[in-house]
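In the two complexes below, subunit A is the common chain; its partner is subunit B in one and subunit C in the other.
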Partner chain A sequence: MTIHVPNVNHRFDPLTINRLGLWLFLVSDASFFIALLSSRVFVSGTSTPDEINQVLGLSLTVLLLLSSLTAYRAEVAAENNDMSHMKNMLLATMGMGILFVFGVGYEWYEALQHFPPSTGFGTVLFTLTGVHVTHVATGILTLGFVYFRVRKIETIGDNLFAVEGAVKWWHFVDVAWVFIYPTLYLLK
Partner chain B sequence: MHRTLQQSLKLGWVVIGLLAIMTVAEFIVAISFEDTVMLFTLLLIVGLAKAWLIIQYFMHFGQLWGHIADVWRGTLKDDPVADREED
Partner chain C sequence: MPLVRGVIYAAIGFAIGGSISLGITNMTGEDYKEPMIVLGYVFAIIGWLMGVGMWKIWGREWFGKSTVNDPTGGWERYLKFNTDHKVIGIQYLATLAVVFLLAGLLAMGLRAELADSGQNVFTKNTYNTTMSLHGIMMIAVAVAAVMGGFSNYVLPLIIGAEDVAFPRINALSFWVVPPVVVLLLLTPLFGGFDFGWTAYPPLATQAPIGGLLFELAFLTFGISSILGGLNFIATIITQRAPGMTWGRMPIFAWSVLAASIISLTATQWVAYGMLMIIFERVFNMVFFSPPGGNALLYEHIFWFYSHPAVYIMILPAFGAELEIISHFARKPIFAYRWVVRAFAAIVALSFVVWAHHLFTSGMGEELAVPFMVLTELISIPTGIIFLSALGTVWRSKLRLKVPLLFALAVVFNFAIGGLTGIFLADVATDIALQDTYFVVAHFHYTIMGGEMFAIFAAGYYWFPKITGRMYNETLGRIHFALMFILYNITFLVMFIPGTVGMNRRVAEYPPEFEAMNLIVSIAAFGLGLSFLPWIYNMLNSWIRGPKAPDNPWGAKTLEWQTSSPPPLENFKVMPTVTGDPYGYGDESVVHARFGKSSPSSQAAPAEGD
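This part shows the complex of A and B:
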């Protein structure tokens, strides 16, 4: 008896498979963040220490939201073959991402003095921001890789999904922060 | 839906504007409400609205349904040409 396995590559547009694969990965990663976010209530309740730096939290949020706009503009520029604008927007996104990483570093410096990892809130803060900043770092690396790949070409051609995929990953990181920010800074 | 370059760029500014307004609203809610359940509920609603804006307009979630439909149809339908090539 012969088992017949259809070859999906013949049937589907590669873009369809790429996009579905990326979304599947993003959904699975989102479930990880949901588990971490819910642990905040179990580990440290709903109270937030007064010492937490609200200005820094809000600044980090604004920075990441703005970087989502530049990432979106990079994708739009790529779709319209505006290579110069796309490269500038990729660089701006990476720049804001790097600033975000430094901001989280400063948050950790302050947190170590007021709520170290041995405390309940410290555990939650370092775990959530640690996992998230790792995602931000991989986002910066991915955007950097895409920038390196497209920096000398004049038309986007087959590289459109590379830009789209990296930008989607960046937006996902932003969506994660949309929930991390109120969970860490605003609950009481 | 296909948008022109100008429409897409304008959409980006509209979305970021709404996100900024919601972030301010989130902050005001946090300093205005003392009741934990109420605060949690309102923050969750604002958070979900912000996430929806990003997912829908920046991540183009809508286009996903077309791809799912393509795969659904393609998986159910026999493709004799592709199958012959495979053999």
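This part shows the complex of A and C:
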């Protein structure tokens, strides 16, 4: 741990301060996604090409929502000190996350044939999914680091925020997709 | 040496990122240069941060290893990833002072070119690059000198905290700034960028590689700004000393909170603007070009940040100005609560005024009048802040020290800046004045006359606290007199060619504007020279100045109740806030008591108070 001067005058424990910091960051990042969503309407209006793979879009959405469920279970398990369940749920979340990344890869492969980045819809599709999948990748990485840290411990102890923070970030990424999915796939 | 290590790691990072990119472009057959620079830069930044010390203090923790953080030491503590907010404040101020002087030299170059109507100093392209560099470097100074420099140094002290809420994020927010400066200074070697600091497409998407470096620099700077804002909000919410209620919080802390909210949420938009340009350049996307794309998208997204950004610059400047006026007038801040409400109103309104930059852009005409009204509404809260400054001065016995002189100059200059702004917010007059020197003069009156004068006020005011030494009052007065007079000549005269239609951002202009421009140029050179006494004063006083007492101004706020410069933990004995910070003239009002209920073991006698 860091040898920082102990903070003697705070009225807030470190967990609360960390939670506040994370929430502020989520507010800030949400602002970025609002900018992304507004540019979709600006560049390609509300039209969605017929070639878009609706089955794939729906599957990706279901997959990510399921992964949020397992992430939630991991957090609950951490709060209840159920280490083995927590680790399994973290692994399951990461697994679904990786599957999602491959799904987006396939989405791009199809999109390159129908609407490459040099078209209006392609521009917004690649930008929105690209920024989002980068967030997913950071989420997987964060979960991976947390998993690495908690893989051998008996009780959660000081690592509660590590799990909680990673899971909250995962939920945020998930909610962002809940807005991106209708914006890209369902607008008519 | 952390700096050397940082550079080496950055080079390794660039090599790794660049090779990955080269591998990909080799397969797809695209042009290799710009993708290589972008990906290489991303890896280089990570390498740089890890090299300057983030790895030791932070990165090891991610892999379950122990971390070491020692923010103490001699001068070398300023040259590494340091979590002490006072060190970070000085790092920001020193870096930005250099950037400010460089950008000032560029401005003198521009004025040399504009002294007569022909072309003499620059070619058209180098003129545009110089103009653009001057703009973006000064914008960086304006955003970060007060939000990064003074806020970092003063905010935790003024609210009685030991440090900011997230010291490591704070260090991170500084250490991405040096790459920004390096990138900007490199741009002339890569063809420069000729689109001003606003980077409108299609100029920006067609500019040489220098333009790409500019976009990467702006993006990186945004990260610094977002993380800084986040940190200050969390600090103000969680780190105030016991007893410091919202109503007892010094006005400077309020202004930083207001600016931080804007910086946290709006900066994302300019980051997206830069990202769009980079995507259009690297992936051939069509945000701004047909089919589908539209350059107006950029202008909306850019100004959605960049108009609020001027409030990031000016709000903490107002906070510092009111702070200084109150302490030197020995009177409480007039209408303190109304000023806080005005800050809140400005934050809210700042998000709904951006399109006044687009009156002549071809956006929907039905938007013009609503945005005109909203923009003019913002003069009401600004006026309240103004009245507060005047009300504090009213019937007081002013102690005319250098910080107060600069703070009063803010009132004078910003009055001119604010009044000329009305003509630019008004659609009918803006259509004629848009893109002329009237805009340049107006902007310099608000940001240089308003904010930079406040920064100099803050610099003189907190100099004894930061360095532990006193500056030379006479040299300070000479600096003030020269800067105030020459500044006003430069920019007052500049309004005149603007009103008769002289365009900005041109190296050549019609000869009938020559006389006015010659006056502006001569005054501008004088203005540039007026910083020489400041440089000498700052450096000489820091090294050889007389030792400053802990509280040379007799101010009541907390930063003056500790030693100069403060110890690592800021207060040897933690303060408990018991009253108003501006209770001058009423001896029964005590802002803070020391030594009660302090769990600190190495209890020392209370400083000051």
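Here is the rule we use: the second predicted complex is superposed on the first by the 179 of 188 C-alpha atoms of A that agree within 3 Å, B and C clash if a C-alpha of one lies under 4 Å from a C-alpha of the other, contacts with A are read in each partner's own complex, and residues count from 1 in each chain.
What we mean here is this: a residue touches a chain if its C-beta (ideal position, glycine included) is under 8 Å from a C-beta of that chain, and two chains touch if they have at least 3 such contacts.
Bear in mind that the values here come from a model prediction, so they are computed numbers and not experimental data.
Participant: Quick one: is A:Thr61 in contact with subunit B, with subunit C, with both, or with neither? Answer first, second, both or neither.
Facilitator: After superposing on A, A:Thr61 lies in contact with subunit B but is clear of subunit C.
Participant: With the two complexes superposed on chain A, say which partner A:Arg73 touches: subunit B (first), subunit C (second), both, or neither.
Facilitator: Only subunit B; A:Arg73 stays clear of subunit C.
Participant: Between subunit B (first) and subunit C (second), which, if any, makes contact with A:Ala35: first, second, both or neither?
Facilitator: The answer is second: A:Ala35 touches subunit C but not subunit B.
Participant: First (subunit B), second (subunit C), both or neither: which does A:Phe161 touch?
Facilitator: Neither partner.
Participant: First (subunit B), second (subunit C), both or neither: which does A:Trp108 touch?
Facilitator: A:Trp108: touches no partner chain.
Participant: Where does A:Phe25 make contact in the superposed view: on subunit B (first), on subunit C (second), on both, or on neither?
Facilitator: second
Participant: Would you sort A:Val43 into first (subunit B), second (subunit C), both or neither based on which partner it touches?
Facilitator: A:Val43: touches subunit C, not subunit B.
Participant: In the overlaid three-chain picture, which partner chain does A:Thr16 touch, first (subunit B) or second (subunit C), both, or neither?
Facilitator: Once the two structures are laid over each other on A, A:Thr16 reaches both partners.
Participant: Kindly classify A:Thr123 by the partners it touches after superposition: subunit B alone (first), subunit C alone (second), both, or neither?
Facilitator: second
Participant: Please report the subunit A residues shared by its interface with subunit B and its interface with subunit C.
Facilitator: Common to the two interfaces on subunit A: residues 4, 7-8, 10-12, 16, 20.
Participant: Which residues of subunit B touch subunit A in their complex?
Facilitator: Touch list, subunit B to subunit A: 5, 8-9, 12-13, 15-16, 19-20, 23, 26-27, 29-30, 34, 36, 39-40, 43, 46-47, 50-51, 54-55, 58-59, 63-64, 67-68, 70-71, 74-75, 79, 81-83, 85-86.
Participant: Which residues of subunit C touch subunit A in their complex?
Facilitator: 57, 62-64, 66-71, 83, 160-163, 165-169, 226, 229-231, 233-234, 237-239, 241-242, 264-269, 271-272, 275-276, 279, 283-287, 291-294, 296-297, 300-301, 304, 568-569, 574-575, 598-600
Participant: Of all residues in subunit A, which touch subunit B in the complex?
Facilitator: Against subunit B, the touching part of subunit A is residues 4, 6-8, 10-13, 16, 19-20, 23, 46, 58, 61-62, 65-66, 68-69, 71-73, 76, 79-80, 82, 168, 171-172, 174-175, 178-179, 181-182, 185-188.
Participant: List the residues on subunit A that touch subunit C in their complex, please.
Facilitator: The contact residues of subunit A facing subunit C are 1-5, 7-12, 16-17, 20-21, 24-25, 27-29, 31-32, 35-36, 38-39, 42-44, 117-123, 126-127, 131, 145, 148-149.
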